[in-house]
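One structure, as structure tokens, below. Some questions next.
By written order: A, B, C, D, E, F, G and H. Residues from 1 in each chain.
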Amino acid sequence: MSTTHLTVYLSGEIHSDWRERIETGCRGLELPVTFVSPNTHHASSDGCGEAILGDETSPFWRDHKAAKLNAIRTRTLLNQADIVVVRFGEKYRQWNAAFDAGWAAAKGLPVIVLHPPELGHALKEVDAAALAVAQTPEQVVEILRYTVTSTL
Amino acid sequence: MSTTHLTVYLSGEIHSDWRERIETGCRGLELPVTFVSPNTHHASSDGCGEAILGDETSPFWRDHKAAKLNAIRTRTLLNQADIVVVRFGEKYRQWNAAFDAGWAAAKGLPVIVLHPPELGHALKEVDAAALAVAQTPEQVVEILRYTVTSTL
Amino acid sequence: MSTTHLTVYLSGEIHSDWRERIETGCRGLELPVTFVSPNTHHASSDGCGEAILGDETSPFWRDHKAAKLNAIRTRTLLNQADIVVVRFGEKYRQWNAAFDAGWAAAKGLPVIVLHPPELGHALKEVDAAALAVAQTPEQVVEILRYTVTSTL
Amino acid sequence: MSTTHLTVYLSGEIHSDWRERIETGCRGLELPVTFVSPNTHHASSDGCGEAILGDETSPFWRDHKAAKLNAIRTRTLLNQADIVVVRFGEKYRQWNAAFDAGWAAAKGLPVIVLHPPELGHALKEVDAAALAVAQTPEQVVEILRYTVTSTL
Amino acid sequence: MSTTHLTVYLSGEIHSDWRERIETGCRGLELPVTFVSPNTHHASSDGCGEAILGDETSPFWRDHKAAKLNAIRTRTLLNQADIVVVRFGEKYRQWNAAFDAGWAAAKGLPVIVLHPPELGHALKEVDAAALAVAQTPEQVVEILRYTVTSTL
Amino acid sequence: MSTTHLTVYLSGEIHSDWRERIETGCRGLELPVTFVSPNTHHASSDGCGEAILGDETSPFWRDHKAAKLNAIRTRTLLNQADIVVVRFGEKYRQWNAAFDAGWAAAKGLPVIVLHPPELGHALKEVDAAALAVAQTPEQVVEILRYTVTSTL
Amino acid sequence: MSTTHLTVYLSGEIHSDWRERIETGCRGLELPVTFVSPNTHHASSDGCGEAILGDETSPFWRDHKAAKLNAIRTRTLLNQADIVVVRFGEKYRQWNAAFDAGWAAAKGLPVIVLHPPELGHALKEVDAAALAVAQTPEQVVEILRYTVTSTL
Amino acid sequence: MSTTHLTVYLSGEIHSDWRERIETGCRGLELPVTFVSPNTHHASSDGCGEAILGDETSPFWRDHKAAKLNAIRTRTLLNQADIVVVRFGEKYRQWNAAFDAGWAAAKGLPVIVLHPPELGHALKEVDAAALAVAQTPEQVVEILRYTVTSTL
């Protein structure tokens, strides 16, 4: 039986090391998984619109241009992904992560949600559309390992 | 030229009167618009799973059952809607609203976002996928009137 | 807020009165729900192919012709349905019910599964794709009532 | 004329050697076919949810978590497959196999069903949606060989 | 249990009375079926392009304009149909009927093929994609009656 | 044989009376056709964004807000249309009309293009994706009459 | 500017050397094109069902089993193709070729039709759905060369 | 985190060096981007239909044959593209570019529009459907670099 290569999109929180922990964990296991993600640098993610396409006087349009530029990457990678992992943390509202989860679910992509248990009630609709709800990046590594190898 | 009937799904915040203001405004204008929405009663929305399908000992599964029951209504109405309005307020995280916005955008439905300007930066990705970003329910009424009548 | 009309497809077991109990229950509540179902008469369901298109000497082709004739109704109604309820009972293998559930899930239709708790382990993959798992027809009535009215 | 590479998903029965016989047969013929399948180990397939995401007190949720974890693999592989083979045996109800067949048919994937002739009547709806109904793994090997090489 | 309304597209042969026999048969049974079809008048079907959009010197473009005008009706009605009946007769090549059958099958519409048994070998690929192969218009009436009423 | 009701979207040029001529022509023939169109008033089409959602200092964002508001109507009506007529005239660049034609063609909707013959070379790619290329509104009336009645 | 690799499906007539002429022509030009096709051997194409899955007493089911086995290859290759070439000759009715053309057109694949000019009137609906109508295999080679290289 | 390979389709204006500037810019940065485009040679693009498929007496059909041949390339490449860049210049009407933009937007592909600011008002509907509106090819290079590398 062949193993298959997976492309996994990592959406959400950018202020903690969850992506690194998932990648490091999977690399240590030599899993055939490619990880992709949105731009995770806060400053360039906010400033890219003005930096590339010119200054704006209104904060709304500044954000608008940046969000659309970022969407070029996001849409392209979501179109190429097999599985989407969406991470929510305590600090931020991360509506973009929930938006990505809705998009992925509508497209029929398997969604894994990662958040601390305290956020469970607020995230119940997102969790209800997911195939797994993990609390730690290490659990996501285990899920990906199990998905690839079918062994515990 | 004929006018067309619209079915508009109103997603998001349930603790203010924005839905009533939009409905009252459109009814006053006699617009051919039908409004549908998720269950907007907090208690039944949280408790429906246990009330109908039996008690749970874990809060996670209590929420899970409820969220899935609510999704029966949400999915059905999103499948029938022409336009989706998504409302975000200051108080709650409303990840379900952002999830609905992602779902609607992925399905190619026109999305109108309604939120106070202070939330613009946090909502920039959702706004970037919308066809209009309004600040008041009355603006949404105006948008729907314009969509139906093509007059200002 | 408007209520919406639902078309509900009732798939599965044909040797008990679960369909009648759901329909009677919803009619008593005057819910705006139309119920449709496959042919539920065992003999005509098995014999329709030969009766209409001529005798067969092989049981395989006898079944094949009948199953395809029944699929004309099934596919058409699944294409028109908003929600699919799938019922499994103790006695039969009902692979057609599980097939319908897979079809409905792949098409993005909300699925409600109805079965006694003893079948839960064997049906775990089907349940995992459903938005609700009920044990009695009366619970399905309650789910449909809640879906339509948003009240408990 | 070029031959093409096929990815074949093998769904269903896990307590007999049908997968091995198909794989061995195709390998012996040096066919350009990659085989993928769900987790076929009964114990890990049932226990994965608890092992990775924590214990449950209710058997329903134990099964639910496991079934959803397994669905991450199943959905991903069904999305990547060219052809789906679904095997039914005498002993188990295998509603998941019928569910996979319904899903594959709804997505327009060619389906091959493999079962002993005694199950033909009970499986007539699934067979009716298939492009071939085989009785032995060796017939499936022949079908795949014929699909690839166009020779008998 | 409700009966459902069906829209049935009648594609193919235009030189016999098969459409009338199906319509008369279903009307006599008071079935809730609407029949639609391509233009069945040979002369206007061939000449419509020139009659409406101007003369052509080349027979190829004369046919091309006519075929495309006819496709406006065909595509629209296929988009609205629940079921497609495709009729083949002895005399003509009716590639357009086989084209419609391929289109309908690709879109997931139930297809019924109607032809004399002598054509079975030549039509085997089309028959293989159909849910029923009838030999007489009266059998199609019976199929539609059975589809609507579930009784023999 | 039943006639069918058509919803026809009229896209493009807003400075001539082509829509009125098509509607008057079809009304005179009592055809069962509903016509819908984008906002055809130049000033409100340009100014709607500022009028409803507030002033802009930059002409780019003024246009952007207006174009998106207009797209709410356009997308909704294109989603509801059976047939799309796209009109090009001599004076304007009408890139929005060509955009609508591309959108409609990608969605599989029958497209009729209406333009003077002098524009044929510049419009050859749009014409190549259409099912009819008319030169006068009266020809479009004839096409719709023929589509509905199958008579010349 | 990069050239792209094309996968071209060659459907239709099996009793002339048109496939060889197209393949030889493209190989001589070193075009990056892979050709795939249905089984083109008449005897095995007719007999595969019985040879692999067992004898039938009725010619209808003999054909049915064979046609479905062949469809496993056809569907898989059509799902992988970029462009479909469909060839019609004088001698046979080739309804399967027209069926493939309808399928390909419904899926949005570019279709090239190849037939002698005498068949133009009978094939006008198929030609109307194609992007090119060629009379000789050498013209198809030229079309593919032009598609790849953009030079005449 | 992996970078991803992008296939970018460059649609529109053929009389300036914008494609070369984008390609040269990306090559200088060693970005993993493949560029594809329609035939950009005016003469062969206009004459291909006659050159390959024979002369026409009418300019309309001459253009029609050519436009359809060019569409074989265009459709195939749009089907393979991740991102579409559409360029509009001052001189030509370029309805085909706007058509490509509509097609790409309907298919959910990210669209980047490139035009001088003076064309903004006329292109507002196309711009409204795009994720970025650039004024220079160098800005497009920057966008692609940012999309691939997530750095400014």
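The rule is simple: a residue touches a chain if its C-beta (ideal position, glycine included) is under 8 Å from a C-beta of that chain, and two chains touch if they have at least 3 such contacts.
Computed from a predicted structure; not experimentally measured.
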{"item": "Count of contact steps on the shortest path from subunit A to subunit D", "value": "1"}
{"item": "Those chains which touch subunit E and also touch subunit D", "value": "C, G"}
{"item": "Selected from E-F, E-G or C-D, interface repeating A-D by over half of its contact pairs", "value": "E-F"}
{"item": "Where subunit C and subunit E are represented by their mean Cα positions, the distance between them in whole Å", "value": "30"}
{"item": "Separation of mean Cα positions, subunit G and subunit C [Å, integer]", "value": "40"}
{"item": "Length of the line joining the C-alpha centres of subunit F and subunit H, rounded to whole Å", "value": "24"}
{"item": "Centre distance in Å when subunit B and subunit H are each reduced to the mean of their C-alpha atoms", "value": "36"}
{"item": "Per-residue overlap in subunit G, given as positions that touch at least 2 other chains", "value": "68, 71, 106, 108, 133"}
{"item": "Residue ranges of subunit H touching subunit A (in the complex, touch as defined)", "value": "1-2, 4, 6, 82-83, 108, 110, 112, 130-135, 139, 142-143, 146-147, 150-152"}
{"item": "Of subunit G, residues touching subunit D in the complex", "value": "10, 19, 23, 34-41, 44-45, 47-48, 51-53, 65, 68-69, 71-73, 75-77, 79-80"}
{"item": "Residue ranges of subunit C in contact with subunit D within the complex", "value": "46, 59-60, 63-64, 66-68, 70-71, 74, 88, 92-107, 117, 120-129, 133"}
